[in-house]
Every structure is written in C-alpha cells, then in structure tokens.
Amino acid sequence: MVKLGERESTRNAYGVALAELGEIHPEIVALDADLAGSTQTRRFADKFPERFFEMGISEADMMCTAAGLAVSGKIPFVSTFVIFGAGRAWEQIRNTICRPNLPVRICLSHGGISIGEDGSSAQACEDFAIMRSIPNISVIVPCDAAETKALIHEIWDKPKSPVYIRMTRNKVPTILDENDQSFHQKFTLGKAVTLREGSQATIIACGQMVAVGIQAAEELAKEGIEVRVVNMSTIKPIDQDAIEKAARETGRIVTVEEHNIYGGLGGAVAEVVTERYPVPMRRVGVRDVFGESGSPDALFEKYGLTPKNVVKAVKDLVKS
Amino acid sequence: MVKLGERESTRNAYGVALAELGEIHPEIVALDADLAGSTQTRRFADKFPERFFEMGISEADMMCTAAGLAVSGKIPFVSTFVIFGAGRAWEQIRNTICRPNLPVRICLSHGGISIGEDGSSAQACEDFAIMRSIPNISVIVPCDAAETKALIHEIWDKPKSPVYIRMTRNKVPTILDENDQSFHQKFTLGKAVTLREGSQATIIACGQMVAVGIQAAEELAKEGIEVRVVNMSTIKPIDQDAIEKAARETGRIVTVEEHNIYGGLGGAVAEVVTERYPVPMRRVGVRDVFGESGSPDALFEKYGLTPKNVVKAVKDLVKS
Amino acid sequence: MKVKEMKREMITAKVMKTAPESPVNIERVSPFSQTRDEKVLREIAREVRKDIIRMTTEAGSGHPGGSLSATDLLVALFWGEMRHKPNDRYWADRDRFILSKGHGCPALYSVYARTGYIAHEILPTLRKLGSPLQGHPCMIHLPTLEISTGSLGHGLSVGNGMALAGRLDGKDYRVYVVMGDGEQQEGSVWEAAMSGAHYKLDHVCGIIDYNHLETEGTVEEVMDIAPLAEKWCAFGWHTIEIDGHNFDEIFAALDEAKATKGKPTMIVAQTVKGKGVSFMENNVGFHGKSATREQMEQAIKELDESE
Amino acid sequence: MKVKEMKREMITAKVMKTAPESPVNIERVSPFSQTRDEKVLREIAREVRKDIIRMTTEAGSGHPGGSLSATDLLVALFWGEMRHKPNDRYWADRDRFILSKGHGCPALYSVYARTGYIAHEILPTLRKLGSPLQGHPCMIHLPTLEISTGSLGHGLSVGNGMALAGRLDGKDYRVYVVMGDGEQQEGSVWEAAMSGAHYKLDHVCGIIDYNHLETEGTVEEVMDIAPLAEKWCAFGWHTIEIDGHNFDEIFAALDEAKATKGKPTMIVAQTVKGKGVSFMENNVGFHGKSATREQMEQAIKELDESE
C-alpha cells in the first residue's frame, strides 16, 4: 500500500542532498542567481563558500559560466527559479550546455503554479516541453523530497550529459510504499515506478501530481474502479516500455502534471502510446492558460489539478 | 492533383508581403536584430525607414521593445533567426508578449536544419515545442511562399494575440492545387487543408515537409497505397477535427516535420489522436539530435527527412 | 489642500461593474490633484507606506522592502511629475509609468488607489485568488497597468518601445521606468540602455532604486554594479545621482531629465530598503517577506509617529 | 626559422584514425614553435588569410570579413602569447582560447592547422557534411576547440567559468576570449563583464575585434556601441585600446593584461573587416558571403604580393 507521509519541499531535499554530496565530491560546484535562499543552494554555499558562485540576477551568464566550469572538469549544479533558468536562459542551455553535451545539472525550483502568490510571471508550466525538445538533456521531475534526494545522489556524475531537474516551492507529502519503504533509493534515470496496481486504467504522473494521482486512485477504488499509478519522474528519456505495458494491460491512460497540457508529460506519453500501442488518453494539467496569484491549493482547485479532476478523467475514459 | 511548382523561400514571400502590408497599414512596424537582409524585413525597412527599428544583436531587447510598441497601438512584426528569436528571447516572449497577450507577430526565419552550412548552433528544431507550450500564442508554419503571403495578409491584425510564424532559409517548391490554384488564398488560422485524398493513412505535415509528404504519397500511390496528405500549417490552435477525421477515416497517421520528434507537430497530433480517436502513428522528424553543417538536401537525407523516410513510415504502419 | 482630507476623499472611489476589456472596473472619478509641496507629499508617502505594510502582512507574503524604498519616487512621479488623469486612464497623451521591478507593486497599487485609479478597498486583496492586485503586476488583471512586469530586466525595453511609438505618433508623452539595483545585473537592461541611447529617446527617463540590497544580501556582495552612474554615462545616458528620499532632489532631477535633449536620462536614486520602518531598514530579511501582525502594528505606529 | 619551411612541415600533419572521444583524429606532432618576430608573424598571418579565402570560397559560404579582421589577433595569441602544446591538446596547464564570435572560425581553423592541432588538408572540408570544421565551432566535431560557439554573447561567460575552475584547481592558466564588436550588443556580454570584474578574474583577457561592421552595416548605424572602452572601464575591466593589426601593440597589450592584477583586461582592438584583401576591406558585403573563384584568385594574388 502506498501512503502519503510527512510534507517536505523537493527544493529542500535538493539543498540537503547537494550539501551532502559536496562533502564527498570536490568537483561539485554550485551556482545561483540571487535566489540561493529559495532554491536551497544556500546550504551548499554555507558549507563550501569557495565552490559556490553567486552570479547575481544574470541567468544567461550563469548558464554559460557553468558550461565553462563543466568543460574544465567541474560538475556544476545550477539553480534559480524554473522560469528564469529554463526560460530566460533557454538558448544558453541549448547552445552552450546541450550542444557541447556538458555535464551540467540544471536544478531549478519554484516550477509550476504551486509557486502560488507570486503569480503568473513566475508560474512556469512550459519547462517540460521546452527542456525535452533539446537533444542530449535528461528531464526529471521528482515526486517528493525522498525521491529528490535519491536522484541527486544518483545523477550527480552520471549521465555525463546535461540533466534538468524541476522542483517546486511548496511542501509535498512524501510517498511511502509500505511494502518497500525504500523504493526511492532505487531511483533509476529513465525508469518509471509503479506505485499501485490496477487494470482499468493507468494514471501516469510526475512531481507532486503523483500524490494527487494516488489520492484519485484511492477514491476510484472506493467506487470499484482499479487503476494503476505510475510515477514517471523521468520525462526524458521516457520509459517507453512502462507506457506500452500500461497501454496494453490497462487500455486507458490519464497523465497528470503541473504543466501545460501541451508538450509536457502528456505529450511525451501520447507520442509513445501512438507509436507503440494506441489507447485512449486524457491529459490532466494546466489547460494552456497563465496562472495567477493564490495559494497552491486554491490554484490546484481552480486550474484543475486535484484528485477530483483525475477521477473525472479516469471515469470519462472508463465509461467511453 | 497537387503539383510542386516554382521554388521560392518562405522568408522571401514574407518580406514581400510585409512591405505590401506596410503600404496599407500605417500601424505596422518592423523590428530586426542585425539580420534584416536574411529575414527579408529589409524590404519593409527600405520602404518605411521610420517604421523599421534595427535593434542590433539584442534579441531580448527587441522582443520587449516590440511589446512596448504593441501596447501603444502598433502591430509589430519582429524578425530574426528562429534560434535567436524563439530561443534566446523565449522568456521575453513568454512574459512580456504572451502574458499580457499583445498582438506581436514573431516572424522568424532560418528555422530547422535547412539553414544548412551554418551548422547546429542555428539549426533550431525545438521551436514548435517551445512556442506552443506558451499560452495565448498561435504557431504557424507555412508550407511555401504562396501560403506565407496569404497568411501574413490574414494574420496581420487578427488574432489580437501573439502569433509565431516559422520560416526557412532555402527555396521550397510552391504547392499548386490544379483544381484550385488559389487554395493558399483561403489560409485560415487553425484550419488544416487536405491536399490529396487517400484512405489507407494520412500524412500530416507542415512547412517544407508538406512537399516531401506529397512526393511520398505519389510514390506510395505507385505501389497502390493511397494516402491522404494534410497541410497542418497551424500547429496551434491545431485543427482537432481534421486530425480526428484523418484518424477515423484512414486509421493511421504519419506526421512529418523539420523539427525534433519530441514536442512538435507529431506531439501535438498525438495529443489529439489519443484524446479523440486513438490510432497508430509514426513521427518523421529530426530524431532528437543536433544537426550539423551541410547542404539542406544532404541534411534531409542524413537526418531522415526525405520522401523515402515518409514512405517507409507509412508502409511500416500499413503492414503492422 | 489638506492631505488628510484628500486621503479621505480618495478612498471613496468604488469598485464598479466590470468593464468589457477587464475583470476589474474602477470608477475613476477622483478628487486627485497634483502638487510638489513636500509636506503634502510626505504625508502621502506615509500613507502609501502604511498601505504597503498592511497589504503585505494581510497577504502573508510580498516584497515590502523594495516597495518602501521606491515609495517616495513613485509619489513624486504620480503627484508631482507625470501628466496623467486617473479618471481617464487610457488618455492617449498620458505619460507612461512602468514598474520594471515588478515585485515592488504594493507601492504602485497603493499609489493607484490614492490617485484614484483603483478603489482603496481592494488593496487588502493583494496576492489573493481572483484579485486584480497580482503578486507581480499583470495588466490582464489590472488594465490600469501600462504593462505586466515581474521578470526583471524587461521594463526599460518596453518603455523604449512606448517611446518609439510616441515619436511615430507625434505625441509628446514621456515614459518613466523604475528599476531595481539588483535588476541592473540583467544583461537585457544594458541592451535597452544601448538602444535607448541609439534612438536618442530623450522622452525616456529611468530611475534606479539604488537600495543596495537584493534577495541574497547587499548588491556589492552578490554582484557588484558599481560604479553605476559611470556605466549609464558610458552607455550614452544623461545620468543624475540623487537621494531618492529627498523630494527636492527628485524633482530637480526630473526637471533636468525633461530639459535634456538628444539622450535619455537615468536617475540613480540612493535609497534605503525598508525606508520608514526601523526594523525593516537595510534589512534583507524583508526583501521578500512580509511583517507579522505585531510587526505591522509596530510599523504603522512608527510611520504615524514619524515626521 | 624560415616561415616557408615551417609551413611545409605543418601540412604534413595527417588525419589519423578516429580517437575514442571524437569523430576526428589528428596527429598532433608538429614542428610548431612560438615567436614574437613580427616578420615571421606577418608571413604566418598572410598564409592564414589565404587559407580563409580558400576555405570559404571552397565552401561557397562562411564569414571571410570577420575572419580576416581577427587574423592578426589570433596569430599573435597562438604564436606569440599563449602557453599551449599542439601535440598535447588536453594539457591541463594550457591557456584557453575561446572564439566567442564563432562565425570567424575559418581563421581559427587555419590557425589550428598551422600550429599543428589539425591537418591542413582538412581545411577545404569547411562546412561540408561530416567535416570536423563546422560552420560554427562545434567541439563535438572538433575536440580541439575549448567550447562550441556560434551564438553570440556566450563566450566571455564560458571563459569566466574556465577561469573560476582554474582558480579552484590552483592552476595559473590564462583565458583568452575574442569577441566581435556587433557582439557587444548582446546583454549577456555585459553580464559576463560584471561577473568577471566581480570575481576579479585577472587571468581572463578579452579582445574585441572592433572592425566597425556587423551583418547589416556599420556598428555605428545598426546599434552604436561607442564609447566602447569607457563601457568596459565602467564595468571594472582594465581596458586597453590598440591597433589590432599591429603586432607590437597587440603584444604590449597582452603583456599589460598579464601584469594587471585584481581585475580582468579587455583589449579593444581597432581592426579592418576584410583586412588584407582590397575589395573586402570595410565591405559589409563580405561579412557572410564568400568570394567567387575569380575573386579568390585576385585575393590570393593580392595577399601574396603584399608586404
């Protein structure tokens, strides 16, 4: 049984993990753009001030500086908010990190609408799409703090190519698998994890929407609808086999993401589904609109990212 | 019967159309970032020097300046290469053009690998994905010079929201519909055009890949395989009905685009297909790698964007 | 005109039925009148500062520090400098104002309320779901805004665009853009600097709220921007350094800007982050955090008691 | 050492079997030796210029103008300044070179060939399918490159990153970055300027190829960057203005840069676009267009006959 445990933000776990890794691996350096307190790279900076580079509000410069460090043998972890990293510095990431295929870890926080009260200028719901369209880079969206920690430890030095990680501001429940308390420790790049079995549909989610998917599955179970729940934390390279298996075995797929319904997880899954084993899908996500100020929960409600929305999408498929 | 006519680059048609429109509509202004000769805004600049703003190699500044002009009642046409406009200035487009929903026309040239010898730093194959993930913006990829002209005349003042147009450097054949020589003049935002009928599969293409799709269809016809060919010049808002119709009536879909196979036209079609009427698909495009220097034709050959590749994809589906 | 009276009349502006182009509609008949009287302006600024404290505490988040440092600049512009009509917000000849450091919007919202663009009653909705007062300025939610901001480094370019449009249209409106000092680290600011000078946009006047703090500490430590005035000079701007809390100096600079032809002007205004509230002054802790209720009471008291 | 002899030996370097990390492999045994002898350098520069003309004409595209203007700078750096070993390209202590104005790569490729990093025979493959000599420098295709470039405005930041890494590793290598004058319009250049000064990267030396032309015309008309030296000064760089075709001045500036402590140095080198070929000099038409075969012959003749 999957349970939702204590709440912790993924960015917090990132900061803790980075500071831990810094102790062991002197080649790790970190860069931030005047947001180290928010992204939690401050934890690394405080421990290793000489390996931390505060770049000021200059995201483009930060990405290319990281490239220069990487090409000189360092493993740079680069952080800021998603919108300013993946967005403002997209072309720097594309041309000077991905094109030369450098091992930069682009670990951005405050993605999605859960950034909340700051409003739409920072509520990036485009990052899955814009990052996964670039060759060479891996795209990872951890579902909770524990997975974040496990993945940072896993990816710090492999792959030797760029990695993008999307984290969020708010505290999210830790997902506990009671049969396998430690499933997070097995984080493997490109491998989806099935959190719950079910035969009538599969919910494929990432980030904090995995917990939403689990809640939806539980509600559906009460009504006798048994759905599989898959944590697709790696959006690229995506686990095609897990998707095909879900399509074959459950015949229906609902994706859930804190992202635009265009081009993100839903799009990536649809690409695989249509190529491997076409089945009907629903994509739960932000419906191609800008967000606004509000609490994360109020926004999830307004923008359709609640268990209720997922339940509705599953039922929609099951009855059609 | 559809025939391939004279060759002209889409950017050339754009420059001509823009200069024509400038004559009629004094609210039109144009901006470029030291590439007006290449993007063809030079034609407008020469005629209306006081309404042309050369911004130098400052794409971010150019986009936000255009926003300031738009909010003051002008209709700005903004041009540079795709990689420097959609890429370098992505966040400016997102936050200061799309977020306030301003009628800026982002008309970028030299997209895709057909830019040729300049190599991978400028061969943007991510723009469909990164532009369509932003709310409010329309994404258009004209198939030839004639369509470019028609669409520029259509969209210059409507929608009142941002529009992105992707053009290419090389000369591409004009697509002539012998039954309806003027079909380009009917360009309607969001409406796909069927260029050829067929029942065994549908090729959905955009940009210069439409001509490739037509050639593929002709080759297939010789082998007795009749496929529909659809020009999906509007990638967003995408013509969902045309896609559903193709799925229902032909049962198989092959998308063809000068773009990464992730997140672009293929992704957009797969999203609709899985939601509306799941059928098997193949996505012909650049297979998530960076391009390189070479002639457009040599690159199309090497990166799998020839009629041969489309034929293979269709056969793959038809026999499976 | 007595400020206390003016204030009372100000807040009579009411939220009215929705305008077609906007989710908000505000009756813009207001008794607003302009002045450069320092005593009056200081009273207004005091009220604006109180609004800022209340709004952000009520919201439980927001950026009080940079709102307080910019307050006197905004008050000077809206009451003593800009040509504008709160009861005709789309007046084509109005001077344009852009808050490029969008996170300082509580100050702007208060100024909008106290000049009569919006109802004072809506200030407590800051950052709440459905409010026109978004966490960062959004013109879709609040059409009074000249442009949406929030991502640093965009505003000056937008201002240049408005200035180019004005020139094309033969209008003589001026464009005012307030930026942060941390914001100067964005390269796009320097692109805008270059093009503003290149196009000789002497109807653009930028103001830098040089409060020496950004999110993570002092600007000097995070990424030094000094010598700032020299940079703007080298980029071809007429540059004036002033005390950003001294109305005489602010107006002298604004007048000088207006008199300067052939190049845009940048006013580098030395300010104090958190200005007016003892425990917020020069305290980086209040860059992006609001006061607690108790702190709020204390702050209001201090402001009320200050001269 | 006679230049003619050196040249002959240079081109004996052969393309060898593929190295594990790269699609290209070049035997890097070369008789390369460094010198600041002006006569020798001028001969080398002449040959580099001939290579540039031949390569771009052979390719039918490319950027001869900006390659020719940067030639003397590159020759000075590789022959007379930088610490490097063409037969040990990954030598950890080598000085780093970044061509931020990546479109000028024909000059760099020729320099690589003539110093022995790559075989001279591969120069005619420029811009052809499968060539290590991509239209814009790509280190995946040519690992000799320190970084891939082609998108303007990235190189100085990358150089700063290399410099920070060198400092962390206790190495004393220096980093040289050549930029275009049009490139100065990119805001990210000024971000890099700020951080280079902030981190006191005195082992970074930038050089601006101030040829006064970009794609669409003169830099002054397109988007003026003057006064350029003042800008770099205001951004905290030690700034030196020189004639970029005068080896004495180039070396004096490079020496001064090395002697400057506590701040990075920017050398503003006045150059002539198309330098060395009469009909290309100051001709914007040859920014992004190669010479015809006839023009090529003419250019080679001119170069051969010039002193």
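Order of writing sets the labels: A, B, C and D. Residues in every chain begin at 1.
In this text, a contact is a pair of C-beta atoms (placed from the backbone, for glycine too) under 8 Å apart; a residue touches a chain by one contact, two chains touch by 3 or more.
All of these numbers come straight from a predicted model, not from anything done at the bench.
Of all chains, C has its CA centroid at the greatest distance from the CA centroid of chain B.
Averaged C-alpha coordinates give centres for chain A and chain C that are 36 Å from one another.
Rounded to whole angstrom, the centroid-to-centroid distance between chain A and chain D, based on C-alpha atoms, equals 41 Å. Averaged Cα coordinates give chain C a centre that lies 46 Å from the centre of chain D. In chain D, the residues that reach two or more other chains under the touch definition are 138, 140, 148-151, 153, 185-188, 191, 194-195, 198, 223.
Contact of a single residue of chain B with at least two other chains is seen at positions 55-56, 58, 60-61, 83-84, 88, 91, 95, 99, 120-121, 290. Viewed as a network of touching protein chains, the structure reduces to a complete graph with every chain in contact with every other.
Contacts from chain B toward chain A in the complex involve residues 83-84, 87-88, 90-91, 94-95, 98-99, 120-121, 125-126, 129-130, 132-136, 236, 253, 260-264, 266-268, 270-271, 273-275, 278-283, 288-290. For chain C in complex with chain B, the touching residues are 138-140, 146-151, 153-155, 157-166, 168-169, 187-188, 191-192, 194-195, 198-199.
Put simply, chain D touches chain B in their complex at residues 59-62, 102, 127-131, 133-136, 138, 140-141, 148-153, 182-183, 185-187, 214-216, 221-223. Of all residues in chain B, only 29, 50-51, 53, 55-56, 58, 60-74, 76, 91-92, 95-96, 99-101 touch chain C in the complex they form. Across the complex, chain C is touched by residues 153, 185-191, 194-195, 197-198, 223-225, 227, 230-231, 233-236 of chain D.
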